[in-house]
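Quick heads-up: structures coming right below.
Each of the next two complexes has subunit A plus one other chain: subunit B in the first, subunit C in the second.
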Partner chain A sequence: MLLLLVPAAILLALVFVAPMLHYVWLSAHANSVLTGLVPIPNQGANWIRLVSDQRFWQDAGQTLRFTVVSVSLEVLLALAIALLLDQRWRGRGAARALTLIPWALPTTVMALGWRWIFNTPYGPLNQTASLLGVAPLNILSNPAITWMATVLADVWKTTPFAALILLAGLQTIPTDLYEALRLEGASQRTCFLRITLPLLKPYIALALLFRLAQAFGVFDLVQVMTGGGPASSTESLALYAYINAMRFLDFGYSATVMIGSFILLLLLCLISWSFLIRLQHRTGRV
Partner chain B sequence: MSLKLNNLGRRIDDRWILRHLDLEIQNGECLALVGASGCGKSTTLRIIAGLDQADEGSISIDGIDVTSTAAVDRKVGMVFQSYALFPHLSVAANLELGLKVRGVAPSERQQRVRQILQLVQLEERASQKPAQLSGGQRQRVALARALLRDPMVYLLDEPMSNLDAQLREELRPELRRLVLRDQKPVVYVTHDQHEAMAIADRIAVLRDGQIEQVANPIELYKHPASLYVAEFIGRPQINVLPPEQGVIKAIRPEALKLQAGGIACELLHREWLGASQIWQLKSHLGPLRMLVGSDQTVPESIQVSWAPEQEHRFNARSGKRLAA
Partner chain C sequence: MKTPTRRLLIVLLLSWSLGPLLWQLYTSFSTNEALITPFANIDHRWTLNHYKDVLTGNPPFWRYLINSLIVGAGSTILTLCIATPAAYAITRSRGTITKVVQTMLIVAALFPYVLLFLALLEVARSLHLGNHLLALTIPYAALSQPLAILLLSAAFRDLPIDLEDAARLEGLGLWSRLRWVLIPLIAPATASTAILVFLFAWNEYPIALTWLSDSSLLTLPVAMARIAGSSIYSVPYGAYAAATVLGSIPLIALVLIFQKSIVSGLTSGAVKG
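Now for the complex of A and B:
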């Protein structure tokens, strides 16, 4: 039976393992315009540089902030939307289809859309602001708040994905369970806390981990919407790796940034995972 | 003191799925609601529980009208077909949750859960999850939860349908003993006529949302009020003869006797039941089922007859029983 896994294993090895190993190898070499794009072993100099690279750590912080804030908002919003879409009401079918539209849109297209919405002074947001007599808001050029705009765009786009996972989870909960508790006099709130939430936990965990990994690797949204600016304030680790390779033509260091951010993501997933496991152990008690 | 249903009706759009339902169930009495699927038996149960609302008629418990009372205040102990146990909670926690919701103090909760687990003999399983239990054990947890409710009425929705045949037979007397322990009315829904006969004091046969007959099992078997009841109750199924002058005659398989000069038959198939056997016969009246002793050998020529008083006679058009 294991033999049947071989084609899939080969594919995975080619697409994931091989590039990764190549990057690990590359990160141990100097390979840039300065070396004439010839890889020269440099005894871990890339890694030493990474550890003391302020821009790397600043980007790591920014990426973490982006990830934590947008994923938390997404899962909370998705839970509310999933609960709504699980109820019986007229037009539910249409609402379910509509919910998915942001998810179906290519990231580049929607990032351009959001960039236009926030455009100063011609975007719809500032047009509305001027109609209301409010001074134009320079959202995409204020380092203190631009990251919030990227979070907003990301939440708008990927909440449907999380909502879909949670809706699927809600539909696995038998209605009998609610009725059994209702007969004891439980309120809606009690039913939610005692049945819905605990039984939805595996699905919440799934949505969280999926989104965590995706958000931490954010590239296209930021590249198109802000280009990492203003003043690198929305630059993500993926964008930094891209800049190192494509702008500075330093492939050795770009690979190092890539592997470094991969390690950070792994750590983040491990921490969330252990947190979720601990939460899981708390069930089984009243 | 009893559970009383008066002229209960339930409609979905323009179709009545339940109509003119009148029933009275005494304290300490177990009434089985039987019928084919879709006959309205589960709907009736859900209306009594307050999980569904009737479109006409009323329900009273101990003389108090509860038609518009919220489910929780009717105090019903319900066993769901799926058992509806909380998969994420241990057996003890499953039982405790209801008490907690009702605001029972923690020390009393634990004590009552312990007592009830003892009663249904599941003390050793207290800390296990439902998934770790057998079907019979899960059913007992569901029953224990209903018992803990300290209900005015017990409602059991096909509680045996997820169990295998042998276990069902074993658990029947135990289930009956437990639900009738505190002398409350018990409504037992099942599609299995055999189970209904075995467990209930009285049986109500439902057909298309209306009651065909309510009677004790013996009466139901011996004097079915309609052809439908006659065919529904009793296995092997009753023999129905072709209508003659507006009358349909039906004869139980055990009433057929081998007798020279009777109706000539051909043996198609023999089924061994152990203590008896079923002969599938072909005659000019159509196929006949005959229940004979296990020692009976097949004679050269099969001729069968029956005593006239063993005939059930029904109006061919309405299906109603005709006076003897």
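Now for the complex of A and C:
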């Protein structure tokens, strides 16, 4: 019986475990064009460099900012969408399918679509602004605001996924709970706060964790939409690791950046996990 | 909620979801003059030239669609062949093993796989797997295993155990039981899994980006990104919009046709996982 597991186990070990072990090994070596792409042990020099690498910590901060802002917006918006799609109205099935479309498209395709929408001065946003007599905004070349544009594009694409998970959660709530509370004269708001939200919590936690891990690894979107710019202001950790490997051809350091990012992601997940657990305890539900 | 408020919210939701795409559609039919003055009144507003450019390019655009189709279909088949027996084995093994394996699979499903690209690239280089479309199905099938096994084992678990016992009493071996009894019964879950894996493989970017360099072998996401990377300042937006529209049509069709499977796949993953 366990023989049936063997192909899957081999494949998973090859693709998930072996690369991580390889990175650990690679991060202990200098392996770049300078060494002729021959790995030479360098006594933790990669790690010392990582700790004092300003660009790494800047990217870590930017990735964290991107993750926290876009995941919170996504979950809030997804909750609103799920509540809307859970009600009964004509055409609901079609609307559900249509809201899924952004999620199904390749990220790279719409990344460039967004670049066109945010274009200065020809994109629709800036054209509308000029119609209204507002000066065009350099959305994609102003380091202070470009990251918000990437957040918007990410929220657009990934909210449907979170909304579906929350919708699945809403559908597990038995309707007689609402009826019972309403018989006691409770308002819609009370119903939402006392039934919907508590019972939805596991699903919110699931959507949060899933999106947290994915958003922290953001790569496709920033690589195509902004290339990490302007002035590296939208560069994510995954993009920095990619640049180290493919542009600087410094594989040893790239692997170090990847493990560093992975450790940061683990910390982020642990912190949010313990936060979620505490939240559950405080409201007295498990 | 009152009906007018709800109607407004529905309109808002649909314009938010479809607006950016509709703008691409509008752009794809606009002449270059119309592109830089989208709201002004000019004579030569509409054109099909962008589509003509994209379809007669070198390689022509449909080439990328076919490449993505090959990779998507290959990955889906490979994933199902490996995940189905594994899912069955997990369902029938003892409780603790199931729990441990399940937790590991959830962690793997959460893992931002983009961090794996460098190691996978080294594998591809040393085994000469670069620039082979079907070679891409190996990492894709591997990355799809966690989700596929979770979804399929949930489906196997829902089947009554008596059913399999009855088949065993009839003298059916393991292979026949799977082939003639169990696998046909989980067909809906298999369909959901297949469509989710297909979408993943069709859309995957970092691995395809690093494994493929031959321009006639690019998958759709890489080809689109290459247009973007050709120049930061002068992206041919009209042609690009036409490419976006052409590249989106198969996926939009897929979503509209298989909406039920996609939703049940994602939600049963959420409810049971």
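To be clear about the criterion, the second predicted complex is superposed on the first by the 275 of 286 C-alpha atoms of A that agree within 3 Å, B and C clash if a C-alpha of one lies under 4 Å from a C-alpha of the other, contacts with A are read in each partner's own complex, and residues count from 1 in each chain.
Methods note: a contact is a pair of C-beta atoms (placed from the backbone, for glycine too) under 8 Å apart; a residue touches a chain by one contact, two chains touch by 3 or more.
The model shown is predicted, which means the values in this text are computed figures rather than measured ones.
Peer 1: In the overlaid three-chain picture, which partner chain does A:2 touch, first (subunit B) or second (subunit C), both, or neither?
Peer 2: In the superposition, A:2 touches subunit C alone.
Peer 1: Is A:194 touching anything from subunit B or subunit C once the two structures are fitted on A? First, second, both or neither.
Peer 2: In the superposed model, A:194 contacts subunit B only, not subunit C.
Peer 1: Examine A:113 and indicate which partner it touches, taking first as subunit B and second as subunit C; both and neither are also allowed.
Peer 2: It touches subunit C, and subunit B stays clear.
Peer 1: Tell me the contact category for A:97 with respect to subunit B and subunit C: first, second, both or neither.
Peer 2: second
Peer 1: Which partner, once the models are overlaid, touches more of subunit A's residues, subunit C or subunit B?
Peer 2: When the residues of subunit A touched by each partner are counted, C comes out ahead.
Peer 1: Which partner does A:174 contact after superposing on A: first (subunit B), second (subunit C), both, neither?
Peer 2: Once the two structures are laid over each other on A, A:174 reaches subunit B alone.
Peer 1: For A:262, using the defined touch cut-off, is the partner it touches subunit B, subunit C, both, or neither? Pick first, second, both or neither.
Peer 2: Touch partner of A:262: subunit C, not subunit B.
Peer 1: For A:182, using the defined touch cut-off, is the partner it touches subunit B, subunit C, both, or neither? Pick first, second, both or neither.
Peer 2: In the superposition, A:182 touches subunit B alone.
Peer 1: Inside the complex, what are the residues of subunit A that reach subunit C?
Peer 2: 1-5, 7-9, 11-12, 14-16, 18-20, 22-23, 81, 84, 87, 89, 93, 95-102, 104-117, 119, 122, 124, 127-128, 131, 156, 160-161, 164-165, 167-169, 171-172, 203, 206-207, 209-210, 213-214, 216-217, 219-220, 223-224, 227, 238, 241-242, 245-246, 251, 254-255, 258, 261-262, 265, 269
Peer 1: In their shared complex, at which residues does subunit C touch subunit A?
Peer 2: Interface residues on subunit C, with respect to subunit A: 1, 6, 9-10, 13-14, 16-18, 20-21, 23-24, 27, 35-39, 82-83, 85-86, 88-90, 92-93, 108, 110-123, 138-139, 141-143, 145-146, 149, 174, 199, 202-203, 205-206, 210, 220-222, 224-225, 227-229, 232, 235, 237, 240-241, 244, 247-248, 251-252, 254-256, 259, 262-263, 266-268, 270-271, 273.
Peer 1: Sort out for me which residues of subunit A touch subunit B in the complex.
Peer 2: 174, 176-177, 179-186, 190, 194-195, 198-199, 283-286
Peer 1: Name, in rising order, each residue of subunit B that touches subunit A in their complex.
Peer 2: It is residues 49-51, 71-73, 76, 78, 80, 82, 84, 86-90, 93, 96-98, 100-102, 129, 145, 149 of subunit B that touch subunit A.
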